[in-house]
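Let me give you the structure first, and then I'll get to my questions.
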Amino acid sequence: MSATVLLAQTLNGLQLAMLLFLLAAGLTLVFGIMDLINLSHGTLYMMGGYFAATVFQATGSFWLAAAAAVPLSFLLGVALEVLLLRYTYRRNHLDQVMVTFGVLVFFEDLVRLIWGNTSQRLAMPDLLQGQVELLPGVVYPIYRLAIIVLGVAVVVALYLLVQRTRLGMLIRAGASNRRMVSALGVNIGLLFTLVFAVGAALAGLAGAVIGPLTSVEPGMSNSVLIPAFVIVVVGGIGSIRGALVAALALGLIDTVGRTLIAAGLHGFLPPAMASGITPALASILLYVMMAAVLVLRPSGLFPAPGR
Amino acid sequence: MTVTDVLGQLGRGVRRMPAVRFAGPIVLAMLGLLPVYAALSGDSYVLSFATRMLIWAIAAVSLNLILGYGGMPSFGHAAFFGIGAYAVGVMSHHGIDSGLIQWSVAIAVSAVVALVIGALSLRSRGFYFIMVTLAFAQLLYYLAQSAYTYGGDDGMTVARHSRFGGWINLADRPQFYYLCFALLLAALFMTERIARSRFGRVLRGAASNDRRMQAIGFPTFRYRLTAFVISGTMAGLCGALFANDILFVSPSMMSWIRSGDLFAMVIIGGVGTLYGPVYGAVAILGLEELLMPWTEYWRLIFAPILIALVLGSPAGINSLLAGRGAADGRH
Amino acid sequence: MAAIEPLLRVERLTKRFGGLVATDGVDLDIMPGEVHALIGPNGAGKTTLIGQVSGELRPDGGRILLDGRDVTHLPPHRRSHLGLARSFQITSVFADFSVLDNVTLAIQAHDGHSFRFWADASRDPRLNGRGETLLQAHHLDARSSALAGALSHGERRQLELAVALASQPKLLLLDEPTAGMGPEESQQMIARLKALRGRFGVLLVEHDMETVFALADRITVLASGRVLATGDPSAIRNDPAVRAAYLGDDDDVAA
C-alpha cells in the first residue's frame, strides 16, 4: 500500500478525529461537570446541520449558514437545559438515559415533520472546493483540510477558555468537585446552562460543517453518537485533553486502521467477503481499544482528579 | 410549579385510590382471555399485536432480572434478541425447520455470547457497564449488517415457522399466542422464585453494595455473570419467538434503539418489581399502537409522555398501581 | 514456652500510588484474641494498610499471613472464608434489606454456595434461627424486621458489627467503630467491644484516643506509611517520637 494512500487516510483520520472531538468535548464536559449522561447530544449535532442547511437554502451562502448554526445551536442548548434537562440532574443515570433518549426520539420525528425524510442540501463554498497539492503527486480535498484547521482552532480556543479564563477555572473545578464550586458562591445554575450550551454549540458546528461531506438527514447522528461516547469513556470523563487524545486514536483507527485491515484481508480473502468484513473488524478494533483502555485504566486515560 | 410537581401530585392522587393490588394478575388475566375476545369479535389484528406485546414483555422481564434486581444496566440486550432471531432465520435459510433444533441453537448461542460479553463487561460498573454492553451490541449489529448472505442491512424473510411436529402449530395464531403467554407466565414465575431465593439475595445484595458482599464472603462476580447469562438466554428465546411472529429477521432488531426501548419498558413499568416489565411493555407498545394511526409522527407525542412518566413517577407504573410500600413485587 | 503463631502477620508491606509511597515496609502482627489498635495522623496510610489486609488493594511488596496462611494475593471473599471480617468506616449495611436479612445474608455467605434458585431464603429456618440468635446478642432483635435504612446511626453501626461477626471470624478489622457517634453511643459501643474481647483478634483503626486506650492491648503508630512505634498503651503514650508525630494534629494523645 502506497505512502500516498497512507497519507490520505491519515489526513482523513485527523479530519474524522476533529469532527468527533467537537462532539465529544461537549459531551465529556456535561458528563464531568453536571454528571449528566446526554443521549440527546446527537440531536444537537443533527440540529446544527439542519440549521445550517435551512440558512444555506435561504441565502445560498455556506459561510452564513455555518456561522448561523453556532448561535442557533447554542440557543437550542440553553432551551433544552433550562426547560427540561436541569430537572434530571438529581436523578440517577438510568432516568437521565431515559429522558435524553426521549429527547432524541422526539427530535428525530420533529425534523421529519418539518423537513421531510430526504437529505437537505448544504453545499461546499467555492473557496473550499477542489483539491490542493500537499506534496508532489499527493492531492487532498481542501474542505477536509479546512475541517482539520477548524478543529485545531477549536482545540486552541478551548484550551485558552479552560486554562486562562475564570469560566474555565470554574469548569475545571466543577469537573472535580461540583459541591465545592457551588459552596464558593458561584451561580451553579448559570454555569451549568453555559457549559451545556457551549457543548451544544460545538456539536451544532460539527453538524453544520459535516453537511457538505455527508448529508443532513434524520438519523445522521446515529453514526457518531456512540463513537462520541466511546471517546468520552476512553479519554476520561470530564477531560477535554482526554477527549482529544481519544478522538485522535479513534479517528486514525477508523480510517488508517480500516485501510490496513482491508489491505490485509484482500490478500487472502475473496474481495466481496473482505469488503464485507472490514467494517465489522474495524469496529471490533475500536471496541477492543475501549475495552483495553478500561481494563488498564478503569477511569479512562485522563480522568479528572477526584474521580 | 413545574411539570414534575404537577405529575408528582397526580401520582399521589392516583396512589390514594384503593390500591389496585391485583393489577398484575388482572392484566395477565386480560391477556390470557384475549384470544377468546379475538375469536368472538373477529378482530385478528389485536391478536397479532398482543403477541408482539407478549414477546417484548418476556424480553423486558429478562432485562429486569439483571437491571432491576441485579443493578446491571445493560444497554445491549437487543443483541441477544437478534441472536435468537437470526438463529431461527439462518437455520431456516439453510433448510433446517425443526423448532427443536432452531430454538436449541438460539438458546445455546445466546447463552455462550452472554457468557463472553458478561465475562468481559461485568468488571465495569454503572455508566461504563452501559457503554461496554452497548459497544458489544453494536459489534453484533455491524456483523449482522455485513452478513450479505443473510440479507445484510435489509434483512431476510423466514420461509416457514419453526416446526414442532404434532406438538404445536406456530402458524396458527391462537396457538402461538398461548405459547408466548405460557412462556411469559413461566418467566414471571422464574423471576419471582429467583428473586426470593438465595441466589436472588446475592444478586440484590451485590447491586446494593458489592464491596460489602465480597467482604462478607460472596464471590459476587460469578453470581452476576450467571444472572447475566440467564437473562441473555431468555432474551434469545424471545428473538426466536419474534422471528416466528413476523417471519422476518433484520439487523434493526439488534439496534441500540431497540435496547433503549427495552430499557424504557423496564424503567417505566417499575424497575426491580415483578409485574413492572409487563406494565412497561403494555404501556409503551399500547401507547405506540394508540398513537400510530393518528399521525406518522407519533413519536412527537410518545416521547414527551415517556419523559413525563420518567420524571413524574420515578418508581414506575408499578408504584402508581400498587401504592407505596406494597408487598406487590418488591421482595 | 511454646511460641504462639500470630493470627495476623504483615511483613515488609509496601504499596505505591504513582510517586507516593503509602505503605513503606510495614511490619505488624496480631496475636489470637489480641486487640491491636492502629493509630496515626491523617494521611499516615491507615486506610491503605487496612485495604491491603482486607484484600481490596494489592500490595506492591511484602506478605500478609492470616493464621500462618499467605493471603497476600487472595481476594476479599476468600479471606472472609479464612476467618477475616471487617466493618467499614462509613456504615455499609444493606439499606433495602431488613435487619434480619442483613445478618442472614452474612450467614448465608458461609453456608455453602448460593446457586439455589428455588427456595425462599427469607424463610430459611436455619439462616433465620442463627440470625435471630446473633441479633439478640447484639441487642437488635427488637428491630429484626425493620429496614436497615430506617435505623438510627447508632443502631446501624451495631448492625454493621453484627454482620461482620456473623461469620464467626478469627480476625476482625474494625474501621473507626465509633465514628459519628455521640459520647453515650460511643460508650455503649466500647462496652460492647470490651465484652467481645478475647474471642477473636481485632485490628482496630481509630482516631478517638479514649476508645483506643480503653480497648487496645497493643498499639501501632503509623506515620507517612511507616511504623513509628509498636507497644502497649503506656509505652506508646510516653514515646517521644509518637508525641512529636501528633504535634500539629488536634487529636488528643494524652488520654
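Lettered A, B and C in written order, each chain numbered from 1.
By definition in this document, a contact is a pair of C-beta atoms (placed from the backbone, for glycine too) under 8 Å apart; a residue touches a chain by one contact, two chains touch by 3 or more.
Just so it is clear, the structure is predicted and the values come from calculations on it, not from any experiment.
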| item | value |
| --- | --- |
| Which two chains share the largest set of C-beta contact pairs | A-B |
| Chain whose averaged C-alpha position falls nearest the assembly-wide average | B |
| Between chain B and chain A, distance of the C-alpha-averaged centres to the nearest whole Å | 31 |
| Cα-centroid distance, chain A relative to chain C, in whole angstrom | 48 |
| Cα-centroid distance, chain B relative to chain C, in whole angstrom | 43 |
| Residues of chain B defined as touching chain C within the complex | 193-194, 196-202, 204-205, 208-209, 211-220, 223, 226, 331 |
| In the complex, chain A residues that touch chain B | 37, 39, 84, 87-88, 91, 93-95, 97-99, 101-103, 105-106, 108-110, 112-113, 226, 229-230, 233, 237, 272, 276-277, 279-280, 283-284, 287, 290-291, 294-295, 298 |
| Contact set on chain C toward chain B in their complex | 54, 56, 75-78, 80-81, 85-86, 88, 92-97, 101, 105-106, 108-110, 114-122, 124, 163-164, 166-167 |
| Complex interface listing, chain B residues touching chain A | 2-4, 67, 73, 75, 120, 123-124, 126-128, 130-132, 134-136, 138-139, 142-143, 145-148, 256, 260, 263-264, 267-268, 271, 296-300, 302-304, 306-307, 310-311, 314 |
